[in-house]
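Read from first to last, the chains carry the letters A, B, C, D, E and F; within each, the first residue is number 1.
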Amino acid sequence: MLKKHTNSAYEAELDQLRDKILLMGGYVEEAIAQAMEALKDRDSEKAKRVISRDKLINTLELEIDELCVELLALRQPAGSDLRLIITGLKISTDLERMGDLVVNLCERVIELSREPLLKPLIDLPHMANLAMGMVREALDAYVKHDASAAKEVCERDDEVDNLDSQIVRELLTYMMEKPGSITRGLGLIMVTRYLERIADHATNISEMVIFLVKGKDVRHRGIGD
Amino acid sequence: MLKKHTNSAYEAELDQLRDKILLMGGYVEEAIAQAMEALKDRDSEKAKRVISRDKLINTLELEIDELCVELLALRQPAGSDLRLIITGLKISTDLERMGDLVVNLCERVIELSREPLLKPLIDLPHMANLAMGMVREALDAYVKHDASAAKEVCERDDEVDNLDSQIVRELLTYMMEKPGSITRGLGLIMVTRYLERIADHATNISEMVIFLVKGKDVRHRGIGD
Amino acid sequence: MGELQVVHTGQVAMVGKTRKKRVKRVGERLIEFGLALSGNISILILGGICILLLYQGLKAFEEVSIVQFLTSTRWNPTSYENPGYGILSMVASTFFVTLGSMLLIVPLGIGVASYTSEFAPKRVRSILKPAVEMLAAIPSVVVGFIGITVTGPAIANFFGLPNGLNALNGSILLAVMALPTAASLSEDALRSVPREWRLASLALGAGKWETLVRVTLPAAMPGILAAMMLAMGRAIGETMTVLMACGNAPAFPESFLAAVRPLTATIAIELGEVPQGTAHFFSLFAVGLALFIISFVVNLLADKLLRRKAA
Amino acid sequence: MNKNAGLRLKKQLFAAFGAGWMWGATLLALVALIGILAFIAYHGFEVMSWDFLTLPPRKGMTEGGIFPAIAGTTLVSLITIIFSVPLGVGAAIHLVEYASDNVLTRWTRLAIRNLSGVPSVVYGLFGLAIFVNGAGLGANILSSGLTLGLLTLPWIITASEEALKAVPRGHRDGALALGATKWHTIRTVVLPQAVPGILTGAILGLSRAAGETAPILFTGVAFFIPFVPESLGDEFMALPYHLYIMSTQHHSIEQVRPIAYGTALVLVGLVFILNLGAFIIRSRMSAKLESAR
Amino acid sequence: MVSSNIECNNLSLWYEDSKALDDVSMNIKPNRVTALIGPSGCGKSTFLRCINRMNDEIAGVRTEGSIIFEGEDILSPKADVVELRRRVGMVFQRWNPFPKSIFDNIAYGPRTHGMKDKARLSEIVEDALKKAALWDEVKDRLRESAFSLSGGQQQRLCIARALAVEPDILLMDEPASALDPISTAKLEELITKLKQRYTVIIVTHNMQQAARISDFTAFFYMGKLIEFDTTNTIFTNPGEERTEAYITGRFG
Amino acid sequence: MVSSNIECNNLSLWYEDSKALDDVSMNIKPNRVTALIGPSGCGKSTFLRCINRMNDEIAGVRTEGSIIFEGEDILSPKADVVELRRRVGMVFQRWNPFPKSIFDNIAYGPRTHGMKDKARLSEIVEDALKKAALWDEVKDRLRESAFSLSGGQQQRLCIARALAVEPDILLMDEPASALDPISTAKLEELITKLKQRYTVIIVTHNMQQAARISDFTAFFYMGKLIEFDTTNTIFTNPGEERTEAYITGRFG
């Protein structure tokens, strides 16, 4: 690990950036967990609460971006500091999109809560847990500058993708069998897709973390060269 | 308009950034147009071509990000230059996601092309045109530093959203009436959603353009204060 | 609250100090006045010398025609029937001896200065510079004494003369006396040339010698010229050396081997013996005036040169 | 390539010629210095003795010592320094620290530069007219001392000015910015740094005054006085004048030549010691300045 | 802990006949670092030297307007310049310790203002050196010459010397322009710490430096104050085109 | 249009007994700007002065290793220093035009190397001034003193003077450290243009400047070459921890 900056205010600002991103990630995780509970319990109130808490995430995005702009304008960052800040800028976007996806998810939850559940939820919570774990570990990797942990997160995206297609296939079968379940089935498909996309964003974050640590961009591997 | 930079290499790099973003936007527009044609003509080959061309967009994203990192590391940008670069970083993400959405869209197109069309396409092409227009105008606004044009783009997002819910409602009715059309209906719903999300990304870009010009972040308005 | 108190005590302290401060300020005014006074004394002295020489010297022209004074070569104030008051021979002697010494000083001075400033290793320089200055410190009467005991006989030997007390002897001795001035001031001029210029020249592929001739010496030239002027002033005003070593003959100089008597020597040798208030006495002041004017002009020229360098 | 070689040869020839010239000049100057010092030392040591330094001359100055001349020179130099140093340093402080750039100061500087070039014999004339006759002091130690004081004044002003100017402006600004008044700044920051330079100037002025002959010729020096002067109103003997007398005016020059050598050695020795002192002070000062860079 | 603004109202300044400052009005906040930037000859240093009246030392300077500090116009002829300079310390571009010991350098100011108590002086010296983040480096060599220190240390010594007279305001005229990056970084860190107790006003050629250390930035051009705002605003979103052109490197 | 690398192999240098450069090996690419950075006393200027043997002018300097340029070791005693310095121009920290006219300043080098033809000299002067982007500013005043120019112009004049002897390599020792931001920007622009014809090696204290103008950056520390890579890599992703610490401002 590197020494501290001679300029302690700079050091503090970088710490603040890390803290804010962790906090934002925490909010996102919490939102996913609450949303899944709301789905399971068909609790539209809880879903509404999650939606209203999204503005915390939005505010944090703005704060993080502002902090990054300030750091770039005033500190002339270089090397790993620069990559930390750029990664921060990108991660904040991803986290905010995750927040938005959770909001969408909650909207579906509210719709779904009007009717009984189509079938017992088994795979979906599992998928949600996977996605949450990916978010948590991606951000851990960010703060710890841990590229190998980030790489692991990337690899776990396949698992989520498989679950996603499996669930969708299952639901489609359901819907074809029972036309009355189409709306609900569609709702659940949407929920699955949202979770899948949340996991995608976690993967994006992990790729940025690898860039942060190694200085190499690993996105779209195989096409660069 | 401001004078040119004393450092001509810097000026050239900023021009290059603008050009690359325009180029990337052009690719995205083209991809949307081709994908819609493929959908209309049920031409899975065309759809595959669009998918394979996505790597051009991905490569451009990497190039743009690399250029932005280089500019930030080597030029110590400030003021509007700094905002141009940060905006570039954010826009490249949005454009790349648009590209991914077009790929997803094309995957649906390939699925859909196996069967006849559910119904004649009227609203969907209209929606696609709207989305493409938004992308084009958002990027124009970026290059021209035109905040009011960007604001207009933001406002047009509502139109797309309305179209989206209208189409989805219509398709749902169809699907409930004819269970055999569920898969195709679902495919078309997905296509609609993709277009809606493309328009969302265009809105994001426009918001960043307003930040670029005014130096104020207009995202998540109403929550900041 | 705490802050307020701090400010308050600060102000109290300020008020308490004020009277003491005022006394202090008056004291400072007095000191400044004294300094200004001593600063202006030099003007008084220069003015005094000017006025006095004019006053006393002009008295001579009540009896002596100014034309004769300036153009006649006959200086014989003690002659009872036909006193001569022409200083032309002495002026010529002064310039003759000075010219001779300058012929030696200019090349030698620049040579010594160039060597010490540009080529000598630091340690050699730290010995050379004080050595040259030591040469300047040898009292003129000692140099004159050397003229009598060493160089005079040597010249006599070399040229087969009955004695060596002549213009050549004076020139050589004046060169010894004024060389340090020329060398030391020239060296200052050379060293005040920024090192960067030398580096630039070397970096362009010029050699050390070429750098000296094409960059350093031209850049230092005004300073070197001023140094030469000041050395010349010193040679013109030198008294004891020429008095002792030039043979003391108030005649128009015919060659370097002829005995001469410059202006300074004339004053030194005659003033002690003349009765005060006579034409002879005043005419010596007139000689002093002439000397003063010459040295004034030389110094003014040197000053101009230095000024131009500064600009 | 050929032309290049020719050019290089030409340059090398010039450089060799130049080196010869510079070496020759420097060698000549050194030979002159060492020659003079060695010559005088060689002959002077022959008559050097305790008696020579402490006894007055005897038998028409053909025997005995030169004590009155040593004493006279010392006393006159003392007067000179007492007169010129305070005045000169004061003037220098005024010019460097206080005087604004106006007509008066420009004239003052011009006057100082010209005064330092005025021939010493003219100072003699001035001293005679002002102190001896004008002020009625008569020809004595005081008149001579004051005359020499005038002579050394411009030297001391110039040396002091240079010493003051060598104090970096930053030191003055630093003190002023701390709330020190101008005089306080000069007293506590500027002068302590300038003192070595001023001292050097004063010592060199003293050495010059001690060696001067022409200005005292008419203002108080005497041919022969067998005792040490008791007051400032007395006439006196002086080393340089004694040497002059012994080498040109004495009735039997050949006979007193050894005494002349002795006198010259004492005079040169005195000047040498003073210069050495100045040199030591100055080299210490420059070492200190060096460490400040 | 300063609590007063420095209010500068319509300040103009002439050297002989040339106008060096033209109608400058600004309000400098206490306990903040304010940076003055602009090209050579823009008046930023001249402005700085108005605040402790160092321009008085230059002949032919004339001012108009006022600078109000704690209710008094410090430009008025009635103002006590000595007391003003005690309260407004200054640090120069080229470090200028006196050729004295480290201790005597710092004690110079207090002694000038009449402090004689030796124990108290020792306390003051220690305190000033600690504030200037130099104590640990020099505590065992207080009697050594100030010139034995490195350039960066000498500059911090000069800051300690200024702090020893307990000023409220510290003026700095390009304090780091002759220092290497490491000394510069240490000095910058010190400056940002000093604002807890002092109002710091700093002139710098180095825009990036202004960005790093200051809370407010004033951009001067041709004797005029073009823009004065928070440093963040000046560097990310300046209001004036001339400021934008300057900070982004568009010099025509 | 230079085409040869400058190959520096295991170069070490001593001043008297202290080692100023320790086993430095690097390969400097032609037609590129290479920046040497590092803290004071790290050896970067010493290294620069090896390349035109300016260290020869300092007594007590001893070197080991070699610097190969076009097949010859320029450090060998047999190397022709005059010819070397013609081919390797140098620009100094403090601009140093000679006290001559603008024309004579530039003509100095060619005249030194034996050029006497007046018409040809005029051409050379014009050409050099154009290359240094100064011709338009001075073409009507070639006979005026070089000192009548501004600081930035004088520095560009010094560059023109170096160019007039048609060097292949240009060494620059902190050429902008005494210039204001505007003159600095113009100089930097000039430097980036010069690389089309020359190999430029520049020592700078200002890391940001190195970032702006150079293609390659070498980081020196305590006489050692710590890292040498493209400027982009050094500033975004350096390989050595010491480089990273230096460029990010972690000075301990």
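We take it that contacts are C-beta pairs under 8 Å (C-beta built on N, C-alpha and C of every residue); 3 or more make two chains touch, one makes a residue touch a chain.
Nothing here was measured: the structure is a model prediction, and the numbers come from that model.
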In this assembly, which chains make contact with chain A and also with chain E?
B, F
Joint neighbours of chain F and chain D, given as chain labels
C, E
Distance from the mean Cα position of chain C to that of chain A, given in whole angstrom
91
Chain centre separation (chain C, chain D; CA means) in Å
13
Report, in whole Å, the distance between the mean C-alpha point of chain C and the mean C-alpha point of chain E.
48
Could you give the separation in Å between the centres of chain B and chain C, each centre being the mean of its C-alpha atoms?
89
Among all residues of chain D, those touching at least two other chains are 181
Residue ranges of chain B touching at least 2 other chains are 6-7, 10, 69, 73, 76-78, 82-83
Going by the touch rule set out above, which residues of chain F reach two or more other chains?
82, 113, 182, 185-186, 207-208, 211, 235-236, 249, 251
Quick check on the complex: what are the chain C residues that touch chain D?
24-25, 28, 31-32, 34-43, 45-49, 52-53, 56, 107-112, 114-116, 119, 126, 128, 130-135, 137-146, 148-150, 176, 179-180, 183, 207-210, 212-213, 230, 233-234, 236-240, 243-244, 264, 267-268, 271-272, 276, 284-285, 288, 291-292, 295-296, 298-300, 302-303
Would you pull the chain F residues touching chain A in the complex into a rising list?
207-208, 211, 235-238, 241, 243-245, 247-252
Can you check the complex and tell me which residues of chain D touch chain E?
100-101, 168, 170-171, 173-181, 184, 188-189, 192-193, 288, 291-292
Help me check something: in the complex, which residues belonging to chain B touch chain A?
55, 58-59, 61-62, 65-66, 68-69, 72-73, 76-78, 82-83, 86, 89-90, 93, 172, 175-176, 179-180, 182-183, 186, 189, 217, 219-220, 223-224
List of chain E residues in touch with chain A within their complex:
182, 185-186, 188-189, 192-193, 208, 211-212, 231-232, 235-236
